[in-house]
Amino acid sequence: MQTDREHSLLSVESLQRVFVTREGFSTTRLEAVAGASFAIRNDRPEIYTLAGESGSGKTTLARLVLGLEHATSGNMYYKGRDVLHLTNKERRDWFLKEVQPIFQDPFATFSPLKRIDSYLYETTRNYKMATTREGIDAHVDEALHAVGLSLAEVRGRYPNELSGGQAQRVSVARALLTRPSLLVADEPVSMLDASLRMSIVNLFRTLRDEHKVSVLYITHDLTTAYYAADRIAVMLRGWVVESGPVENVLGEPLHPYTQNLKNAIPEADPEKTWEGDASLAVMDTEEYTRTGCRYAGRCPAVMDICKTTVPRDIEVQGRSVKCFLYDEEVPEAERTQAMANGAPVA
Amino acid sequence: MFGIVGLVTNIRDLMKFSGAFRWGFIVLVFVFLMAGLSWFSPYEEDHRRDTPRGKPPLTEISIGRDDDGERIYARTLLGTTSQGQDVFWQLTFAVRNTFLIAGTAVFIGRSIAILLGMLTGYMGGVFDRVLSTIIDSLIVLPRLPLLILIAAILRGDITTLGLGVLLGIMDWAHPSKRYRAQVLSLREREFTHTAVFSGMNPVKVVVREHMPFLVPFLLADVVSGFLWAIGMEVTLAYLGLGQISVPTIGSLLYWGNYYNALLLNQTWVLIPAIAAAVFTVAGFYMLSQGITHYLDPRTRLTRLGVSDS
Amino acid sequence: MTLLQQFILPRLLQWVIVIVVGITITFLIPRLSPVNPIQQALGRLTQFATLEPEAVLQLREQLMANYGLEGSIVEQYFRFWGNLLGGDLGPSFGAFPQRVNDMIGRALPYTVALLTFTTIMGWIIGIIVGTLAAYYPGRLTNLVAGVMIVVYPVPYFIIAFIFLMAFTYYIPFFPLIGVFRGEPFEAEFIATYLHSTFLPAVTLLITGLSFRFIMARALGTAELSSDHVQYATMAGLPDRRLMTSYVARNTMLPQVTDLGLSMGSIFSGTLITEAVFGYPGLGDLLLQAIYQADYNVVMGITLLSIVGIATASLIVDLSYPLVDPRVRYR
Amino acid sequence: QPSGLPVDVPRDELFVMDQIFRWSIIDNYNVWRPGRITPHRHALIAETLWYLDQETGNIMSGASNEPPVYNDDYTQMTVTLVDSLKWSDGEAFNADDLVFTVETVWNTPELSFGGWHAQFVDFLESVEKVDDHTVTFTLNRPNPRFHKNFEARWAGLYMMPEHAFSQIEDLVNYTYQDGPYLGLYAPVEMDPNGFWDLFKKRDDPENTAVCQYHMNEDCGPGYVLTILYGDSTKKVIAMTRGELDAFMNVDFEAFESLLASTPTAKSWYPEFPWAYPNETSSRLIRFNFDTHEWTNNKDVRWALALALDIVQLQTEYIGGVAKVVYVNVPYTPKLAELYYNHPRMQEWVENLEIDVAGEPYKPFDATVADRIGEWADEQGYAQPAETAAASYGSGWWKYDTDTAAKLLEHNGYTRDGNGDWYTPEGERFSFSIQAAPDEVDSFRVANAAADMWNDFGIDVELQGLERSVWGANFETGQFETDAPWLSFVLPDGDGWPQMRSYHSKYYVPAPELHNALGGGTPARLVDPVLDELIDAMESLHPQDPQNLELVHQFLQHWVENMYYISTVSFKKFVTWNELYWTNPPSAENDVYMPLYWFQGGRFSIGGLESLGG
Amino acid sequence: MSPETAASAGMEQARVNEEARNVVEAEGLKAWYITQAYGVERTVKAVDDLTLAIREGEIYGIAGESGCGKSTLLKALLGEIVSPLTIVGGKVEYDFDAGKIDALKQTEEDREAIRWRRVSYIPQGSMHVLNPVRRIRDTFHDFIAAHQETTREQSIEMARNYLQELGLREGVLGNYPHQLSGGMRQRVTIALATILTPRLIFADEPTTALDVVVQRGVIELLKEVQKRENSTLVLVTHDMGVHANLTNRVAVLYAGNLVEEADTSTIFRRPRHPYTRYLIESLPRMGDRSERVGIPGRPPALDNPPDGCRFHPRCPLATDICRQEVPPLLPVEGIGNGTGPPHRVACFHQVDAPLEAGEIEHAAEMPHAD
């Protein structure tokens, strides 16, 4: 799929990342990101959500975007520039100013041997967000306030002196300090309570609307994704299986996997407990290397073709779906039958 | 990020909470005092024949004549050497000079080592490859022949400070490889990326982010570098870098050995020099133990009780 | 594969460069020395003799020819590489016409046996004791650490000397010099070998050990506060497992580096210990050669240590990802 | 208590002696190949024509028991060989062997040890066998000292077994491990690491020069083990452990501790000053005339000499055990008689006057030996039987810093309030003195000089250098002053061989090698007076009285100019442990000198008697 | 407890109440972080005067805002008191079958005997506690072999089966931690902590990195294990959905205090503490994209908590008494059947009304009680 490089903020084209792990003499290849393509708009900032099951390659994709991982193949353009082959200098002088990360594991994000506020000060100072001592303090405090903390609470503390949620919020605050063009947030709210979650997601919305910051928002929390995001891509085994505007994709998911995801959202209501069998499919490497659809093994609506052929991305109902159920080339009857089989229990 | 006041409070707290630090501090103060005393020595630094030779500690010796030509007697604290020097005062010079030599050597060597080792480890790529080749080329060079060569070329014309510089220049390749090894692992940790995205340049990243992890190792390494310098200083004295008439811990040992102190049971010539080395190193080591625990916030408080015992 | 192209081949190239550079420098080192091997030989050959000045000049010519020192330094350099690649290190000047190959061949096994053993043992024991000390801070530990830290700064020739005095003079149990009898690997040889090697080995062990102890303790202490150790401790893992697989194992990166490099430098021998205990290793050979500006011997021995250390460095670099899987070849 | 000896020979048959070196040439007994000298080996297994007694200057017989006979113009030398010697394989030794030896060395440049090849090329016209035990050498020009090539001080040209060697093609690389040998011993075992060698006495000792000299059909221990234990300390330990019967030398302190621990150990004298005093060399302080202006100023050199307190130097630094000498002639009985105690010399030195700022000044102080004796008394040492001079050497220069100061001031040097000297140019008068610490006495002389000159107000830096570096330094003129050792005369009193290097025709400027032209002195001295004397000596027979007279003149001229500051004669703590073997050479048993690593070894070892194991 | 599954959560709860004894009891627990060295002096009252009892066989949820002391509470309950965490007062006791054990005074031996076999712990940041240089397989063996006789093969086999239940492929065993995704690591830690089927599991936000499907699977698995072994699960999570789906009782923490504790349905239906009501109401709902705000104000910094009720600065109902006095945690009369643990609330102005949707929007308008 060819995206419009020139008019995209970030344009990811058939990005692939293969990990080879060795143990003794045996090696295992794992395609953690398999030909992912998507683009984040430049003209109007947006919150772009990446969702998907654990181990589906979200973090890897995020790290590819951040340049922390080398792509095995594919292209990536940021503001029209090829960012897979930046020199160290270009990276430092330009790219790092444009993109800021929030890492998944707040405990690993900060060195345990350093005061956590030092990162905030460093960022402010290095990006020349403020120059005077007071200015820096104010700037940092402001960012911390946005995430429900204050400089007074954080100053002089080491990461292990903070609770998980506090550390995560500092991590968010740090990324916000620079007002980047793109924020790559890898599960930035996983350790926060609903109330704080809302404030941070709201913050993303504000950033988008008022400061023209786009966010690549990786999350498991589909409710906040639905609440805040503009578009969403659902990942499975390194593939993007469904992507499009969030109302469409989450409002009325088409891919059986997305449907499954939506149904699994626990509701905060003791009356509505989960029903049905929830035992987990064993996800072996086989799924990554399978010839057909990587979801075929678990899909309730599986068809024969799914087991042998890799599905195409189909544009349907305002989104793109990687599923034969919507592929015109598959006989209609077969598809209806399969859909009936796989109809969500709810 | 703490100012002078912070430093003082930190030291005060270290003294209060860390027994190791306390003792190390006291020992080092004592050693420094020793060095300081050298400026008050009644004898000249490189002068021999000031006292009778080879007298054991606390014996009464003649230390010259007064204006009327009468002999003046005094007790020597630590005895005298076979060259007719008072061991105590020689020791004060020795401690001072050794501090200068080894201190300079360690400072220069470790500074280069840390910077280059960490940077090569961190930067990787061509930078690493080129520098590693240079570092490896230095590592493979046997230092002894090199030193002898330099000794021979300089033909004894080297100052105490110069010797320190020379030793420092010779002793950075090995440690830099060690630091490199550690940074190779540290740079893969997430907080390195956080630092990079916080806009830190490579030097800042290694110095601010990775250095704290290396500090315990660094301090231990500094101790070893210190000893290497002392050892080399002795060897060089022996090989003829012309340092034997300057009192250093090394040259005291050299002379003790030269006059068969062990065979003659003149241990008072050797023991103070060894003790000075031991005290210096042990003091520094204890200090470093305290500092290590202080620098790691995770253990700082946990371990206070322990180091107290 | 790409790993090969991207990492291993360049690293091998680096290995080659390092060796060539190293050898070139050691080719130059003795030649830069003011000590003149011909003068040395003249002195040796004619000590107490009264020679005609003409005879002296004639002898000098002859020695140049014997030692292969004719021609410009560049010619000598290429001749040296030619011989080296043919496996010939030339004759010794100081022990002419003895071949350097033979001299090194004789001393090498002794040095390698002694140093391999003491290096590895010192490394292992040092790490074990150091990690123990990090793991169990307390009175006993402080005592052990105290002993180590006191022994550590004592110059090793003093330690060697104390051992020498103690066990050859006051308690005359060990021989004064290395006495080796019988054919290699016979019982008698082994017995005399152990008898003669004990003191030098213990000396080297002690000095190596205390350094390793200090390093291991420092690294171990730092590692103790890491999250995975704390979690495993919480989980009630036995101390032995914690110490080995969670503390010591995680500090291996610099330790392996050191081990590698010191294994590599085995070939340069250990000068003072060998001298004090009369141990027939490479150290003494090297020292004498340096003093006499015996180019070929100096180069022969340093060549070994250059190749040894360069190779050790290569292996160490290649082994990093095994030692710490997070390290990536780059 | 396990024996630390590497061999299983009972002690009543085994004599263990200090090997001095660790052999680097391990399994090679070829004493002609160009390599390191291996003194014990050749002394034990080989034989040359004559030996020179260091002490007396007398020739002792080896393979020849008659002095060489020269023709009148010294172009022919005839040698008569002993007719009763046999090679260890039973073959008789005869003129063929000598001729073969000379011709082989003459024709083989690689057999360059000792420089004999070069000497032959230079001088030899022909060598001919006259009869079975007579050989005549014809020379291409006069040389009254040609026989020196066959006269061993340390080494002489050793005889080759013609009957065996004529079969061998490559004598250069031949290792000569299986004999036949002409010496008393044959090597039987050796340490592949070079620390020791074991020799066994021949089955026919009566056929060797050594036993014939001793007039004892079966002289010497059954086995000799030469072994290197290491430094002084280890030698002392070895001797206390009974694992060493003789060592060459240790320093004074080590020797004292040996005496304390081992009652059976003794050196030359049973009492103070213990050490053997008659090795033919002496310690001195040398100037480099090519570096500083002041080194070329006789007054300054004299000032430096007068600022040295020789009594202190000899007692405090050397332990009182060496003899004082005012010129570089060792104080051996023979040489003392020829020089120091020679009336002409005595008179001259006592009346010697130097010019001090226009005033004549007598610098000689004859009381030195007595004052050293007083010092020894003070220490509680029993005095040796001899006169003070015999024990402590000749007189020396006065310790007179006032006169020294006058000399300097006269030359424009100035002294500040602290007593520090400044050169006429206004710079601090300072220089360095180099010495090799492992050459113990030299280094201590340097030490003493540095100390005393510093006290006098000159800034002198003592530099202890590794021996080869120190050597390289003086060879290339990279020193200001240093402390070497040398003797202007040989044990027999001849001076020319040692003095001729000072001829100005060999002068080359630093930093070129001082002997670039074959001769030359590291001091880079040029003095036409010396040239004349040297030229005059060349064609005289060593024992020619006229030669002796010229040596006197040379020495006097030298002293007047104070070219070197001589200090003490050599001494060595050659020490024997009479635990298993007795009758070593000593002051009481003064038959041979005890320096067994010189030629004396064969004789002293041959005289040893077993005390039982 | 019988393996038969109860038809509804309510019934199940009743049975727990009737039969179970308290596995963990905490009384007046005060766990403070006291830092007083190197120029820093700070006391963080992370858990302050807290009393609770957890019954055998129940799933006890703990909820509360970030930084309110949940993790600290778990550490205290676990008895893992590492300086600067200090127990200033109170006690924690375990009661398995053989008498009470003081959790705060565990000796080294106690710890070895109890940990992982009886009590285990999934820490917050569980994706971060694996030894980076050890393969997962070996870590499993370490953890299993530490507590029961086993061979390497056996423990690996155990791990393999268990990991499959958690939806991890077999190959994970051969991987190093950094080769796994965050969620995978988290599951590995969950497996490590539960594979020995301990009687009491403290789980601190165990599913933060899991997607809903896997989260559900993992939670079901935990529940199943808990049911089968009648073990007790103490679960800290922010996900009210998980609380609703899984727990029997929920405790709500605010600024180091327990402010409300009741069975799950009561907490969700009729919470009495204003803070609880906020907490539940602030949840976003799928399909709703209208602007939502969190709880107004911010939680207090625990090194200097407000006097009186710690919630009063943010509480619309606050009165003077709230500002002056600490409300005691008292059982609510007339709720429950009298045998089970009571519904406890610490508030002077309890709201006794079912929770209505949209209440939060009107929070500001809530009538003040005075």
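A, B, C, D and E are the chain letters, set down in written order, and residue numbers restart from 1 in every chain.
Convention: a residue touches a chain if its C-beta (ideal position, glycine included) is under 8 Å from a C-beta of that chain, and two chains touch if they have at least 3 such contacts.
Since we're looking at a predicted model, the values are computed, not measured.
Counting hops only between chains that touch, subunit B reaches subunit C in a minimum of 1.
Chain centres here are means of the Cα atoms, and by that rule the chain farthest away from subunit E is D.
The chain pair with the larger count of C-beta pairs in contact, out of A-B and C-D, is C-D.
Note on chain placement: the centre of subunit A and the centre of subunit B lie 53 Å apart, centres being C-alpha means.
If you average the CA atoms of subunit C and of subunit D, the two centres end up 39 Å from each other. Centre-to-centre separation between subunit B and subunit D, using Cα means, comes to 45 Å.
Our note on geometry: subunit D versus subunit E, Cα centroid distance of 94 Å, whole angstroms. Shared interface positions of subunit E, defined as residues touching 2 or more other chains, are 35, 82, 125, 128, 178-179. Among the residues of subunit D, those in touch with two or more other chains are 233, 466, 469, 472-473, 478. Counting partner chains per residue, subunit A shows two or more touched chains at residues 105, 107-108, 112, 161. Contact residues on subunit B toward subunit A in their complex (touch as defined above): 1, 189-191, 193-201, 204, 208-209, 212-213, 295-298.
Residues of subunit A that touch subunit E in their complex: 19, 21, 23, 28, 51-60, 104-108, 148-150, 152-153, 156, 161-166, 168-169, 187, 190-199, 202, 220, 222-224, 226-227, 250-251, 260-262, 264-274, 278-285. For subunit B in complex with subunit C, the touching residues are 124-125, 128-129, 132-133, 136-137, 139-142, 144-146, 148-149, 152-153, 155, 174, 177-182, 184-185, 188-189, 213, 216-217, 219-221, 223-224, 227, 230-231, 234-235, 250, 253, 257, 262-263, 270, 274, 277-278, 280-282, 285, 288, 292-293, 296, 298-299, 302-303, 306-307, 309. Across the complex, subunit B meets subunit D through its residues 47-49, 53, 82-84, 148, 151-152, 155-156, 237-240, 242, 244-245, 258-260, 262-264.
Chain contact summary for the complex, subunit C toward subunit E: residues 227-232, 234-238, 241, 245-246, 249-250, 252, 323-326.
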